[in-house]
Amino acid sequence: MLLSLLLLPAAIFLQDAPRPSPWLLRPTAIIQPDGTLLEGHEVLIQGDRIVKVGVDLELPDGTRIAELSGVLSPGFVDAFAFLGPREDYRPVTSSLRTADARSLEAKDLDEDRLSVGVTSFHLMPRPTNVLSGWGSLWGSGQSEARVKQSRASLSLLPDRVADRRLGPDSLPGALEILQKELPVIPKSTHFLNFIDTGEALQGWRSLQDDHAHHFVAMDGIFDFGGALANQLVGLPTAFSFLDARTAETWRRLKKANIQFAFGTAQGSPLTLRLAAMKLSRATKNPAFAMQSITTHAAALVGVSGIGVIAPGAYADLVLWSGHPLDATSRLKATMVSGMTVYRANPLEEK
Amino acid sequence: MSAQHQKMRSSFLLFPVLLLSLTGFSSAQEGSVAFRVGTVITMDGSTHSPGTVVVEQGRITAIGGADLEIPFDVLLKEYPDATLFPGFAETHTSGGLDRANENVPVAPFLDVKDSIDPVSYFFEDELRLGTTALGIIPGANCVIGGRGRVVAPAGMTMEAMTLDDSMGMKIAIGPKSGWSRSAQMAELREAVSKLNRDLRTKAQDILHQGAVKADALKADEAGEDSEEDGDMWDSSGGYVRFGEDFPGKDLLSEEDVDEIQRGLVDILNGDERLWLWCPTATDVFHGKTWAEDLGLLDHIIFVVTASAWKAADLLMESGRPVTLTGSMWHVERDPVTWEEVRTFVPTVFHEAGLAFSLGSEKSRMGPHRLGYQAATCIREGLPRAVALAAVTTNPAAMWGMEDQVGALKVNADGTFVLMDGDPLDIQSKVLQVWIRGSKAYDRNTDERLQRLLKGQSR
Amino acid sequence: MFALLLPLFVQDITILADTLHLGTGQVLSHAVVSLENGKIQSVMEGVSHGFSKDAQQPEGTYYLPEAHLTPGLVDAYSFLGVHTAGYTVDETKESGAAHALSLTADLDAPGFLHAVENGVTSAFLSPDSTNVFGGLAAFVKTSGGNPFNLYRPALSAAKVVNAAAALKISLGLDASKGNHSPWGKPQDFRSRRPTTRMGTVWEIRRQFYRALSYKEERGNGLADANADLDIMLQVLDGRLPLRIQARRNNDVQTALRLKDEFQIPHMIIEEGSESWRAKELLAAAGVPVVVGPAYDEVSRAVATGPTLAELRLLANPPAVCCEGLEEPGHEDHAPDAHVVKITGFAQDLLLATTTPRYDAAAGSTFGRQAEGEKATPATPALLWKAGVSCAIGSAEAHDSALSEASLIHQARTAVQWGLSPEQALVMVTSKAAMLCGQAKHVGQVAAGFDADLVLWSGNPLVGTSRPLLVFVDGRLAADLR
Amino acid sequence: MFGMGGSTPRILKVSGTLAAGMVDLWSGLGKDLQGGDRHAVSSRRMKDNLLLGTADAQDQQLVSQILGVRDAGVALTYLSFSSGGMQRGLGVSASFNVQNLLHAEGAEVLELSLPGDAVSVHATAEGFREIFSDAQAWRDSWDEYDGKLEKYKEKLEKYEKELQEYLDKKDEEKKESAAGQESKDKKEEKLPTRPKPPKKPQNKSARDDVLAAMDGKSLVRLEAHSFLAIQEAIALKKEFGLSLFLVGGDDAHQLASELADAQIPVVLSLSTDESGGFPEQDMLSRWMTLEDHGVIVALSSGGLHKDLLFMAGQLIAQGADSEEVWSALTTIPAGILRLSEDFGRVRVGQSGSLLLFEGASPFDASAAVRAHKPR
């Protein structure tokens, strides 16, 4: 027996009070994990998770159905956003955790993230010390971190790390500190290595360290991109100005089978979607661009349940009027952990 | 002049001494000498081996083979295995000056003669390398730099060194440091239009005074004949010959124009050779249009760097000579892949049919010396004649001194260099340099070089 | 225009040369050199071959008439890929002996491409001189490594051959630049000694004494491992050569004094701008010198003396009238009644009082400018005549594509200042390899050596010849025909 | 179908939509070309800065930027001076010629700028009035000069007559003294003084540009953002009859009616520095109010010239009509620069470059875009 179809005007979600009863969302199309568009699929969500995705799913009783006109895309994931002012000046602060450092009222600042579709962000300490401590994963607008200790920060950026009073003063100094510190750090630690020169990459390789790690190229990717083939690499959105050289560099990185994960670092969350749009235009591959701000970013953070519409993932969903990479499409509503936390004021008809 | 040097020079002044007469190079009696050597490269189309050159009263009177008969009163010197060669000519350099530019951008009134330091190491090194003529001119950090002068690198006073004082005026199209080219061109245009305005007002005043004088004369009142501006009567007018006419133009004489602007009037009249500093292709384009607008195209000589090779067709179209200063290679990075693309500019100029000359840049590391640069041209495939001409006859032609320097011709200057091998081989050494019939340099009496080679300390 | 032709696999190659320079000063004619998997397999002389210039040569055979074949040039003192702005030396402490330059040098630097184009196939990368102990130098091949850079062709990066080629120590002003006494300045790790030349030598002595006492404690198990001091011990036992940068005459003598004091078996003087002034001491101590790039203008090289004209004036100064020097009323006498001729002592006094005019000898690093007063391009010739074994390096010459001051040009300048052409080629091939500890591998065309070869268009020491083919490890690294 | 040069046009079958390249009235390229310029001469011409070929190795960064602008679909970009006092010089608009470098198009434009803060905006406006009235006075001084010339001619004739009388009297005296009569009562006659010709008015070259602007021969580009500055701009236009277009105009919508009847087109910037590539929230409403009052509005990148298409797309997302946005990016700015016959439309005789994009709209980043230059 079909439940009565509640045709909601202008596709507004129902009230946002949390209720265990399941929801069936029936958008015009959804974005699949591989970034492509798929029409006619529905998403069943229960509490804060996605339960089923598919066509004419059999529904548990009490499911209410929401007809949505627009494209349902997974919420964007910000692969690395730096925590506010510089915390501690010692060369090694490996025990510092951003999970403890985020102030509660900061969550109200997430309005600007929600309004552009960023539903989860990976809060990393600033890479101003050789070992700056642990990052944490947050849902936008939530007061509790989803993952308390996600990645540890390791910085080989000499001009950021250099410190007149305590040293180190250059790359060899930083490498020497790592030589001493790394053996005593538990093997389970997974690092994000912030580098900006080929020499830093070469120096890291000589340490023969067996921790897991991913590289984040803060600058100069054209200088050492060739050595990161077949890897997942983090890129700051600040370097996405689309002059001819950057476009060519991105094409060559893709040809070297490198996967991108965009992070805003200190930039504004707006730049995440713009960077994906430019990547799509440069590489003529919208699916690859979508992944750079959803699945690849989630892989960099090391969490599987975000940035994807798949059973078991967080119900972080964003409703757009068209394909998110189409500049003319408008964000209608944003849902984090099954609750609609942001709704764009309806379009006043011109 | 660095401070120590100043001190040293002043230590001479304690001894009231007549420098010139005792030790000057162009010593009193202009020597007559004849050289019979292994080969004579005349750069005038012929090479004699063995060859003889006869110099009388500082001028070459005869050149020929071994059998050339020598006048009885001329001293003959024999160097069977040496080569005689007109010596290199440095077209355009600001070496030998204490500072290359004043910080006044428009300075047509300046002249290098006030700043050439005859005792500077620069000239000693040029002599040691076999350079016999240099075009010394202000540097490029200016709009109008001032007048240059062609000198020989030997002589105790600037007058003794001078070969020709009308080398020409330095004008920079390439922007002054810290300026954009739009500011540079605006300053140049402003200087010319200000001159035009001042000339017209001055002409009007002269016309008026002339008329007052004429009336007074008609009334044949004695009236003291004030000398200061009797222009109506003196015939020295007609100094301003450029641009369209205006009333009283032909009455303007040199004293009427204030001395700051006289240089600019000479330039616009077309009496000065203009050395147009156009480092890049864009500058060549703007320089050429500026010169064409003022009708000065056939007075300019382009002074370019390697990055102007893209304007080779423009330079060819203008038909004017070009001197290439600094490095001969242009390295351009592809805007996308940053892959270095190197172009050897003399080959581009040669294939475009341009008569170009080379200028060595006073650089620390590279061997930017004329002999070595000419050798590099041969290495990169240019014919030997073109390479040699670029450092001897072409510069002389640019100075308008073809029949005086750059080549050994009858009644040219008795200036030549004796080397122990081919001038373009880096290992051949300069044995002697003769300038206008007198010996300016001899390797055996070069104390500093000998000390260096033997490694003795002082 | 140059094209980099890089066959990826290394196949057997035969090169026929009308003139072959072996690198030891010996020259063969009509030689055939065969290369096999990166090594020189055989060198045969006097073999007549039927090839003419335009005959179609079989694959892997190279013959260019009148070409000269030489070993690949070895740059014995180079800053290729080394950021001389102190980026690769950590100034937190003055003695970072264990810092390896092979980790922090930029092996993708464009300078390596320029070096290959000028015939340089291997180079000794010397750490920067901003620390007293610069750390471990590296010996690299200038081609053959896999580039990190996205835009570089394959196998065009440098490849590290020996990551610990020598320990670098710097005497002179460089190391103390930037240090300051603790008073009056904000406390940071730069408020320390040395701030003078003496301080620098004191720091070296201190480290060596620490190494010696560390050796005993290690002996009886008291001290735990210290990487820096282990390196120092290797130098003291002679397992690791010591490269000491000394420009001034007194620095060279200090280096020799340190050699005796600590019995350092392998010491090599680097740069040695004024080492020609202590050439007898160097010959006696048997210490070799790697000379830095020469200046191409005499005036800057020997800036001390007065100019030629002034020398002539000093040699025979004019007579002096006593004009008005005595009491008044003296003016009426004849002008040269009693003329004082300046001779003997007065003349020497005159010579002595004309203080030399100091033209800052322009080197590219700060130190070389301040300490290069008495440098001369004739240093290689003078050292060779005095029996001191010497090699030539080009420092940062290859960094810019424009500079023609490449290694081969330094050899040509040395020849112009009195060195014989054969010796000049030896100083940039076999002798340079010997002073970099690679005497058995590079620098000579002989069986068993690495297949590093350069085919020149003419005699390499003549200004009009240029490299046509450059082989590194048996692979054609640059084809400039 | 493109004419690829040569006599018979080669047929190039492509899929996708063809449109005219965009016209960006406010791009950052002018600043890059000018480079650091500490010497702000008011008679500067941006035309002098145009690059013929890449100057030398350091310039490949600049060329890469120029290529980036072309690939972003911009066919014509206006190059303005970035800084330097009230009167900055003569800017010029430039298209991309075959070697992808810039080629000057259309007439030069006088550039003026009014500062933002309330205190100095009035002073600067007074400064402009002085410049304009000085130019006007200089022109009037010419008529005045003609008047003075007339008076001078009359005085000259009078002087000539007096001189003649004086000379005749002199002759008589000479005759008399020759005849031995003493004429005691000879009044001491003095030679009449000759009148001085009037001074020609002195000209400064920067004045010609100002006069050309006042006669409406050349356009005037005035950068003004605050309410007061725009008011001054309107007053200046009326007072001196300039054919002026306003750039910036953040508060322009508050003066929409005045701007409309002064017929001053406004160029709005789609991006501000802080928003980093996204139009302000109220951007759409400001544009709409201006449109409703009949003000001609063109959209421009405001410096971030590489993201023009994406920013315009945002505007459509906020509810703007895509046709209007597209014409505000192409035909309207071309009209403001009086270059509409060459740029802005796809029709015979147009010389600007074309834009080919797959899919329906150029704003969809998920569809590829290729810029093609017929010349």
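As written, the chain order gives the labels A, B, C and D, with residue 1 at the start of each chain.
By our rule, a contact is a pair of C-beta atoms (placed from the backbone, for glycine too) under 8 Å apart; a residue touches a chain by one contact, two chains touch by 3 or more.
Predicted, not measured: the structure shown is a model, and the values here were computed from it.
Across the structure, the highest number of inter-chain C-beta contacts is found for B-C. Relative to subunit B, the most remote chain by averaged C-alpha coordinates is A. Taking each chain's centre as the average of its CA atoms, subunit C and subunit D sit 59 Å apart.
In this assembly, the C-alpha centroid of subunit A lies 46 Å from the C-alpha centroid of subunit D.
Subunit A and subunit B have Cα centroids lying 67 Å from one another. A separation of 43 Å divides the Cα centre of subunit B from that of subunit D. Counting partner chains per residue, subunit C has residues 151 touching two or more of them. Within subunit A, residues 222, 244-245 each touch two or more of the remaining chains.
The residues of subunit D that reach two or more other chains are 64, 67, listed in rising order.
A complete list of chain pairs in contact reads A-B, A-C, A-D, B-C, B-D. Within the complex formed with subunit C, the residues of subunit A that make contact are 158, 164-173, 175-176, 197-199, 201-203, 206, 221-227, 249, 252-253, 256.
Within the complex formed with subunit D, the residues of subunit B that make contact are 176, 178-187, 189-190, 193, 197, 200-201, 204, 207-208, 211-212, 215-216, 218-219, 221, 280-282, 284-286, 305, 307, 310-311, 330-336, 338. Residues 86-93, 96, 98-100, 102-108, 135, 146-152, 186-190 of subunit C are the ones that touch subunit A when the two sit in their complex. Across the complex, subunit C meets subunit B through its residues 1-2, 110, 113, 151, 276-277, 279, 293, 295-313, 317-318, 320-321, 323, 350, 353-359, 362-364, 374, 376, 378, 381-382, 397, 401-405, 409, 412-413, 415-418, 421, 457, 461-466. Those residues of subunit A whose C-beta lies close enough to touch subunit D in the complex are 241-247, 267-268, 270-271, 274, 276-278, 280-281, 284, 286, 289, 321, 323, 325-330, 347-350.
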